[in-house]
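You will see two complexes here that share chain A, one where it goes with chain B and one where it goes with chain C.
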Partner chain A sequence: MTALVAQLQIQDRGSGSEQSCVANDGFCPGWIVDNLDRYLHPLWQHVYLSVIAVACGFVIAFALAVLAHRRRWLVGPIVGVTGVLYTLPSIAVFFLLQPITGRGALTALIALTAYTLLILFRNIVAGFDNVPSDAVDAARGMGFTDRQMLWRVELPLAVPEIVAGLRIAATTTVGLATLAFFAGAGGLGGEIFAQITFKSNVVVAGLLCLALAIALDVLLLLGQRLLTPWRRAGIAEAITR
Partner chain B sequence: MSQFGDAIDFILHTREARSGGAEVGGAELLPMLWTHLELTGVSIGIATLVAVPLALWLGHIGRGELLATSLANVGRAVPSLALIAFFVAYLGVGFTNVTLALVLLAIPPILTNTYVGVRQADRDAVDAARGMGMTGVQIVRRVELPLALPLIFGGVRTSVVNVIATATIAPLAGVVTLGDPIIAGGVYGEDGRLGAAILVALLAVAAEVVFALAQRAVVPRGIRLTQSPHRRHRTMRRTILALLALLVLGVVASGCGSDDEEGSTGTAAASTAAATATQEQAASDVIQSNPDNASTKVVVGSKNFTEQKILGEIYAQALAAAGYTVDTELNLGDEKTALKALEDGQIDAYPEYTGTALLSFFDVPTDELPKDPAAAFEQVKADFEEDGIVALPPTPFTSSNEVAVTRETADRLGLTKISDLEDHAGDLVLYGTPECRQRLDCLLGLEQVYGLTFKKFVPVDPALRHEVLESGDADVSIVFTTDPQIERNDEVLLEDDKGMFPPYNSTLLVKQSLLDQAGPDFQATVELVNRGLTDEALQELNARVDLDKQTPEEVAKAYLQESGFVE
Partner chain C sequence: MSAPATLEFDSVTKRYPGAATPVIADLTFDVPAGEICVLVGPSGCGKTTAMRMVNRMVDITSGDIRIGGTSVRDRPPAQLRREIGYVIQQVGLFPHQTVAENVAAVPRLLGWDRSRIRTRVAELLELVGLDPALGSRYPAQLSGGQRQRVGVARALAVDPPLMLMDEPFGAIDPINRERLQNEFLRLQGRLRKTVVFVTHDIDEAIKMGDRIAVMQTGGRLAQYATPAELLVAPADEFVEDFVGADRALKRLALLRVRDVDLWRAPLVRAGDSTASARARAAESEVPYPLLVDTDGRPLGWLSERDLARPIVTPPADSAPDPIIDADDVLRDALAELLQAGTQYAPVVDPRGAVLGVLSVEIVSDLLAAGSTAQEAPSDRVRDDR
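Coming up: the complex of A and B.
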């Protein structure tokens, strides 16, 4: 056995206010600036989980809403089922799913998607219900088929309610995704959990969650403005008049 | 589905904890259920007392609409985990702090709903009341409040369900709710984890149903008359259909069950190793990459505290440097969870302490524990051999459990050794990891070997072991020899005068089958990097993570480079 060529350098601690701030689990702006990059990967996982879950939830809820739109008796049972799903605590579901789907992003996505369904379904149905009957009658008079009616009249006019639902679903999902690390799917919650007593860490990871929720909210709002140009025109007209 | 059957059995029947010592499951869950309900009740009570009068007043005078509506949106975006973590980081652990966090969580839905309820109260009714000469207080109490009650109950119902869900993570902050078996899976086993998850889910659904009924009951008679009589039947049918559909979903889901596993991140050292391999190395201590090893896939695991994560990373990166294809599964949980992961093939290797193995895995009685590190290792090695697990030669460092108190407590009570606690234990609160309850080198040993009965034992996450001493929540806490916080916080370690703690050198446990496949480089690499892992080195490495807040991955990389094992 040869002797060690080099040895681990024992560092001198206790000097420097920044270092002692970090060592005492304080809130240290310098450390935060230097270490922002360690939050990039968890942030990306968080974005991935939130966006995919809301997107999947939207596809499912939209299909259910279209079904229930023409068959009103379906609304009750669908709200009932999604309501029960919505009530189940997420952390419990992350573990209840593991014997079936294992640990990982899939399990987290199934649970997160399930949580969006009630909110999205209710809002999409409300959107369809609020379409002015004049518009529907006019389209019918022009000879629109059911399908044309859905895509060209009802859906565009329901956009505000649908986007309102998406906004609630997105902010809720960002919050719930902080527990996704219990399902082995990473995310910002894992960072919070890893050093739960370190103030800088908790504040940065927590604020990133908030910022992500706000960013998704703003994006959806902008999307709504792009999708409903007539509403802006209406407002502009009202102002100029 | 047998796993769910076992979980239900856990809920119904008390059984011995996985290594014996403590009773878990069945009636043992009642105190947790009680704490869960107590926490929920107190938080909702305070939140209601704060939010309802405030919103009634704001709604009555018609101010603060922006506050009431935007609060709901902000409230939804604040993650409950971040809120709890914020309170832990700034105020510390304990029932009061968790309650405060939950109150904050519960206020927005109640406030918003009450406000909207009052504003939506029929203006004609309010005007009529005013015309009848009612005072402002009378209008609020006899017109606006009754009309707003259904919405207020809706808000409380939302908050109750939220708080029950969030109270599940309260064990992170030292409050033992039904979340404890979920978070401390090692003590209760998978059955316990699943059983508690089922209980929490049932609790939330039950609360939802109770509050939905209460909400229906408080609708003023005048309003109820205008509702369709078919409503009751519809709701019944809806609920039955919903449950049926859920059952179908469950069966379908279990039918197409897959064992998807998200591989955790590979190690950064792999690329460095490839670069090193092309150069001629003079020093014999540098790990050489052997292309033959690339076909061997190794998953290195670790338990859930700093030192373990660092050791796991060191072995993972060193093996990657030797050319192996390495994955990591760090932060597995306690020793039972890690060993089970090794036996089940989820991981191929993880570092374990000789003392922990002797006490937790092989049930060696305290009076038969070897005092000599080499003897302890030989015994562990021999015991593991029967299970197809190889214990590789141990590290120079030893990191024992220690009984720690603050300098102030030690001076006040005159404590220097563990047996000094004898006259004081009844007044002292002990904090330790959840598995501490069933470990002979922890609570069980303190009770059996030293005959100590503490006032209370509180299980917390190992990350909080020094925090609770500093905050004054704990009088006594179980810490590790190599913790840098001992020096920083001026803690006093009590001497183990009855020899309860065996030597705790770390040995990498590897599956025999993997070792056979991996060839000689595997053990040679592990033994090489072990050489630098002295007591001082481990204190330094732990300090870099716990005090300097570097990641275990960075610290392991620095260790390998500074020691000259990789370039």
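Coming up: the complex of A and C.
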């Protein structure tokens, strides 16, 4: 707890012409410009936590989805378990994990990853389910093995749903990662809570979170466009017809 | 691969666990190499199941299927399937791949190198009548007919000795279906694949099949015969009903115009005297003389007014309609006559020269002669395609 209190201590607010603005906890552009660099490290931590959590979540959810795709009865139990993980309050998880994994990024990553599983699993399964059955039948009839089917037919065709899941997971993870400082993993949340009454601080840290969420979303969307040129071709044709 | 293989169904039975009756019961027939065998029957008769047992998409419960003498059970399914062309009604093109990538699917599984694949894809697109420029399109950008052609090209990619086709033209509009059927028959004339073709449409079966396996509910074989045999001598009531009351008419689809005795055309040329033209017409079953050019191509029927002049002169605007191609099947030719509302029309050879005259009367006499007169020469029909 002492460490937490230390984090919450009021930090040095700098000096200069804007001192009164700062003293009044106002919104002070000058202070913001002067102090932007202090947010770089928390921002980097935030990016790290979000991206790694979503990436790990994706790998796990993908493996589970592939498993459940061949054995349908697994879908129910997996949705049940990941659903429980999803509903656990994150702060509780951070504290529950601390005796085992200690304070730091690992604890935060485990919790954040667990949160992505439900969304990612359901979307990947939905993606596989939406692959046209005639394409699957044709592929099997031409001699695709299960593995070739997965990588060459099912996965590419499931990309739209998978990316949709990744976008939701990425945005929610960026939000949840603001609580990661409770686990001692830093991030922009730490900055916000450190000076929660100081408008300039809250606005800058908050906007950085928002910008990060939007940037990840846009990147994923661009990634999907690159991976699914066939979708645009189809849409363009449908419009011109 | 390439050389066509014989296909043998040997007491093939399929029974699903827990089901009282089998879906395929003791199916036995042979398909000679290079022939099209059509499996036809009402829905639920097991025709698709029977086809899918050939490439082990459905497992055989008992009995055996042999391709070129080798049991399909002795081959790993994926390997077996790569050597069998597979075309389904919904085509099943991969929406995320271009036409060229789709066609290259099996060659890629077999690890062909890029340049060999590129050459083969271009060759196949041309073979099925597609512009090679379509190779870079996606399936969503094609018409239904074009997609089906891509499906056929994809199935032919590694030149398999055997093709399985499940209602391949079932989802195509009637006009394009007819065209695709004809194109496939022309292709088959060159490629001579052994083909298993599934349809519920008896007319398509008669048109496409060298042999037809009529199946009935319960997966039993009702009759296995050539189209002509099926039409002339249905094995039982079920087959007779399935073939339809109009089976006499259906036989017209098996005969070509040049196979029947045509009327002699009273041909005249510009410059002949009208008197001789009248005399010519009087000798013929046709009441009016037919004016042809120096190469024997039809220019028009002469009317009373034309014959009133002393010398035959080319009429300005009476190109005969219709003109019937000697290679047409009788059914289509009859349709043309009826559509034009005429009793008779000139028949021309591939160069356009008049061979004779086909009339509604000739066709009706043929039908009246019934099953005894014309043993429909289905082999002859197939040969020139």
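Keep in mind that, in the parts below, the second predicted complex is superposed on the first by the 218 of 241 C-alpha atoms of A that agree within 3 Å, B and C clash if a C-alpha of one lies under 4 Å from a C-alpha of the other, contacts with A are read in each partner's own complex, and residues count from 1 in each chain.
Going forward, a contact is a pair of C-beta atoms (placed from the backbone, for glycine too) under 8 Å apart; a residue touches a chain by one contact, two chains touch by 3 or more.
All of these numbers come straight from a predicted model, not from anything done at the bench.
*Asks:* If you stack the two complexes on chain A, which partner ends up touching A:Val153: first (chain B), second (chain C), both, or neither?
*Replies:* second
*Asks:* Once the structures are superposed on A, label A:Met142 by its partner contacts, choosing first (chain B), second (chain C), both or neither.
*Replies:* In the superposed model, A:Met142 contacts chain C only, not chain B.
*Asks:* Using the superposition on chain A described above, determine whether A:Asn130 touches chain B (first), chain C (second), both, or neither.
*Replies:* So A:Asn130 meets neither chain B nor chain C here.
*Asks:* For A:Thr228 in the superposed arrangement: first (chain B), second (chain C), both or neither?
*Replies:* In the superposed model, A:Thr228 contacts chain C only, not chain B.
*Asks:* Looking at A:Thr178, would you say it contacts chain B, chain C, both, or neither? Reply first, second, both or neither.
*Replies:* A:Thr178: touches chain B, not chain C.
*Asks:* Which residues of chain A touch chain C in the complex?
*Replies:* Residues 132, 134-145, 148, 153, 156-157, 228-230, 233-234, 237-238.
*Asks:* Flag every residue of chain B that touches chain A in the complex, lowest number first.
*Replies:* Per the stated touch rule, the residues are 3-4, 73, 76-83, 85-86, 88-90, 161, 164-165, 168-169, 172, 179, 182, 193-194, 196-198, 200-201, 204-205, 208, 234, 237-239, 241-243, 245-246, 249, 253-254, 257-262, 265, 283-285, 331, 461, 463-464, 467, 488, 531-532, 536-537, 540-541, 543-544, 547-549, 551, 559, 562-564.
*Asks:* Which residues of chain A touch chain B in their complex?
*Replies:* Against chain B, the touching part of chain A is residues 1-2, 4-11, 13, 19, 22-25, 31, 35, 38, 41, 76-77, 79-81, 83-85, 87-93, 95-96, 99-107, 168, 171-172, 174-179, 182, 184-185, 189, 192-203, 205-206, 209-210, 213-214, 217.
*Asks:* With touch defined as at the start, can you tell me which chain C residues reach chain A in the complex?
*Replies:* Contact set of chain C toward chain A: 55, 57, 77-83, 86, 88, 90-98, 105-106, 109, 137-138, 140-141, 151, 154-155, 164.
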